[in-house]
Amino acid sequence: MTPRNPDYEQAVREAFARQPFMGYIGARVAEVRPGFVELRLAYRDEVGQNHGFFHGGVIGSLADVAGGFAAYSLLPPNSSVLTVEYKINIIAPGRGDELISRAQVVRAGRTLIFTEIKVCVAADGTESLNAVALQTIRAMTGGPGIAF
Amino acid sequence: MTPRNPDYEQAVREAFARQPFMGYIGARVAEVRPGFVELRLAYRDEVGQNHGFFHGGVIGSLADVAGGFAAYSLLPPNSSVLTVEYKINIIAPGRGDELISRAQVVRAGRTLIFTEIKVCVAADGTESLNAVALQTIRAMTGGPGIAF
Amino acid sequence: MTPRNPDYEQAVREAFARQPFMGYIGARVAEVRPGFVELRLAYRDEVGQNHGFFHGGVIGSLADVAGGFAAYSLLPPNSSVLTVEYKINIIAPGRGDELISRAQVVRAGRTLIFTEIKVCVAADGTESLNAVALQTIRAMTGGPGIAF
Amino acid sequence: MTPRNPDYEQAVREAFARQPFMGYIGARVAEVRPGFVELRLAYRDEVGQNHGFFHGGVIGSLADVAGGFAAYSLLPPNSSVLTVEYKINIIAPGRGDELISRAQVVRAGRTLIFTEIKVCVAADGTESLNAVALQTIRAMTGGPGIAF
């Protein structure tokens, strides 16, 4: 996949940094490639549910945002993205020290971009699959240029 | 819909109170009826995205959790629920003072419970539809009895 | 909802008639209103699965097509629609004499149209809910003007 | 993935053969491995839409059924499967001579089985991705043993 913004990584990192909610829950950008983004989030109680696992809302958020930025990495400068919809299957409890969300663009049209996301939990250095998601992103060029 | 726990409302409110993430983002239970739950969340920057709207992850979280507790309200004491999957269409930007998520059970089987969720944003007292979702919840009886 | 094609009903019925697959399985348009379409299909073995119920593929097809035409009913002449995605929860077995799929547009943007679909089965004159679905449709104006 | 039925391939092929709808549209089982099924369907007008492409309902049907049988291949004898839900993103038009649906189980629990499906179209010997889907299947042991 070919990025249309030579500074795509910086664009992703800057737009991510401007999302208060991502900072609030403690998520960070771990890796950016054209059409691919990995986000990570360390466990702490504030992002948990009753049993000390990652909360489903946090899992869904990290899936959605990774997908949005994977799409964003392929857009020209001064573009925006909008989540049209996503669907997530939570296939195992979110038990672990770190949540890792990896999103890959499967098709980038001019208006609509489709992504696939895998969310893993890492416990004592071992990763296991926690959730899988499919997402539709709408690309808007000429917008404010700060992603979502 | 007939609740199997006469104290279903208290059960929902107590289980909700035990989810650190819900308290962290500032969500509250506004209404509980058998098979129905309404959650509300006031806007502040920590739950926003770049433009000062509710973050998509927050919208998804409130949809998911409202659905889970709508299912939970129908279960006997000492039950748990687990989100199997959900799908959300974000049909308008999350611009407003308050986010309102209303979930209704459409079918409650013994093992699987299906819910429909509407998320609205209220701005200056006027509500508008922000997102619609479908969800599958798994019920587990005899569990720890504290919902998710 | 206001149709932009005064002959919206005729447009829906003609486009439907041009889909060989709909005729092949025996589906028909039962009702058209602006933003709403109802399709019906009588049971026969060719649309069944192992137990003599409506096949899941037929249920999904009727959901998808009803949603697409509900969107189409709101478009100006010489428009086309494309299914971007849909998600369906099958909440009960498809047991009955007739399958009824009712789709309602929940938001019609310029490019994307969102629909909600309920599929019922009727047995001895009594309807019961069989499936619920959410769908995203893409509208294309100036296209070949024959829907999908 | 380890099948619990040594005759899993025969079980899949026999159950598939008992679905009238699959025969009616002309689908066939191309490959079976534990947790994996490939279905194929040659183009003819009866499975098409207005433009001579594969109908969306046929695409969705082949995705759903491939996923169901991928799950079924892992079950013990005398089991059944039920589609709980699926979600499909149609990422390109279904233009081609043959439709190929490949489903892979991503997690097989005792009650719920999750699958991922890719649907391709082949035109002049070249495959391209047409749709991606996620699905939840419910396994029932001790049932009639004829799949769906």
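For clarity, chains are labelled A, B, C and D in written order, and residue numbers in each chain start from 1.
As a working rule, a residue touches a chain if its C-beta (ideal position, glycine included) is under 8 Å from a C-beta of that chain, and two chains touch if they have at least 3 such contacts.
What you see is a predicted model, and the numbers here were worked out from it, not measured in a lab.
Asks: Name the pair in B-D, C-D or A-D that forms the same interface as B-C; by residue number, over half of the contact pairs must coincide.
Replies: More than half of the contact pairs of B-C reappear in A-D.
Asks: Farthest chain from chain A, going by mean C-alpha coordinates, please.
Replies: Result for the farthest chain: C.
Asks: Tell me which has more C-beta contacts between its two chains, A-B or A-D.
Replies: Of A-B and A-D, it is A-B that has more C-beta pairs in contact.
Asks: Where the centres are mean C-alpha positions, what is the separation of chain A from chain C, in Å?
Replies: It comes to 33 Å between the two C-alpha centres.
Asks: Would you mind pulling out the distance in Å between where the CA atoms of chain A average out and where those of chain B do?
Replies: Roughly 22 Å, centre to centre.
Asks: Whole-Å distance, chain A centre to chain D centre, using C-alpha means?
Replies: A distance of 29 Å separates the two centres.
Asks: For chain D, jot down the residues that touch at least 2 other chains.
Replies: 84-85, 87, 89, 134, 136
Asks: Show which residues of chain B lie in contact with chain D when the two form their complex.
Replies: 84-85, 87, 111-112, 134, 136, 138
Asks: Touching chain D in the complex: which residues of chain C?
Replies: So the residues of chain C touching chain D come out as 15, 18-22, 24-25, 45-51, 55-58, 60-62, 64-65, 68, 82-90, 144, 146-148.
Asks: Quick one: which bits of chain D touch chain A in the complex? Just the residue numbers, please.
Replies: 87, 89, 91-92, 106-107, 114, 116, 129, 132-134, 136
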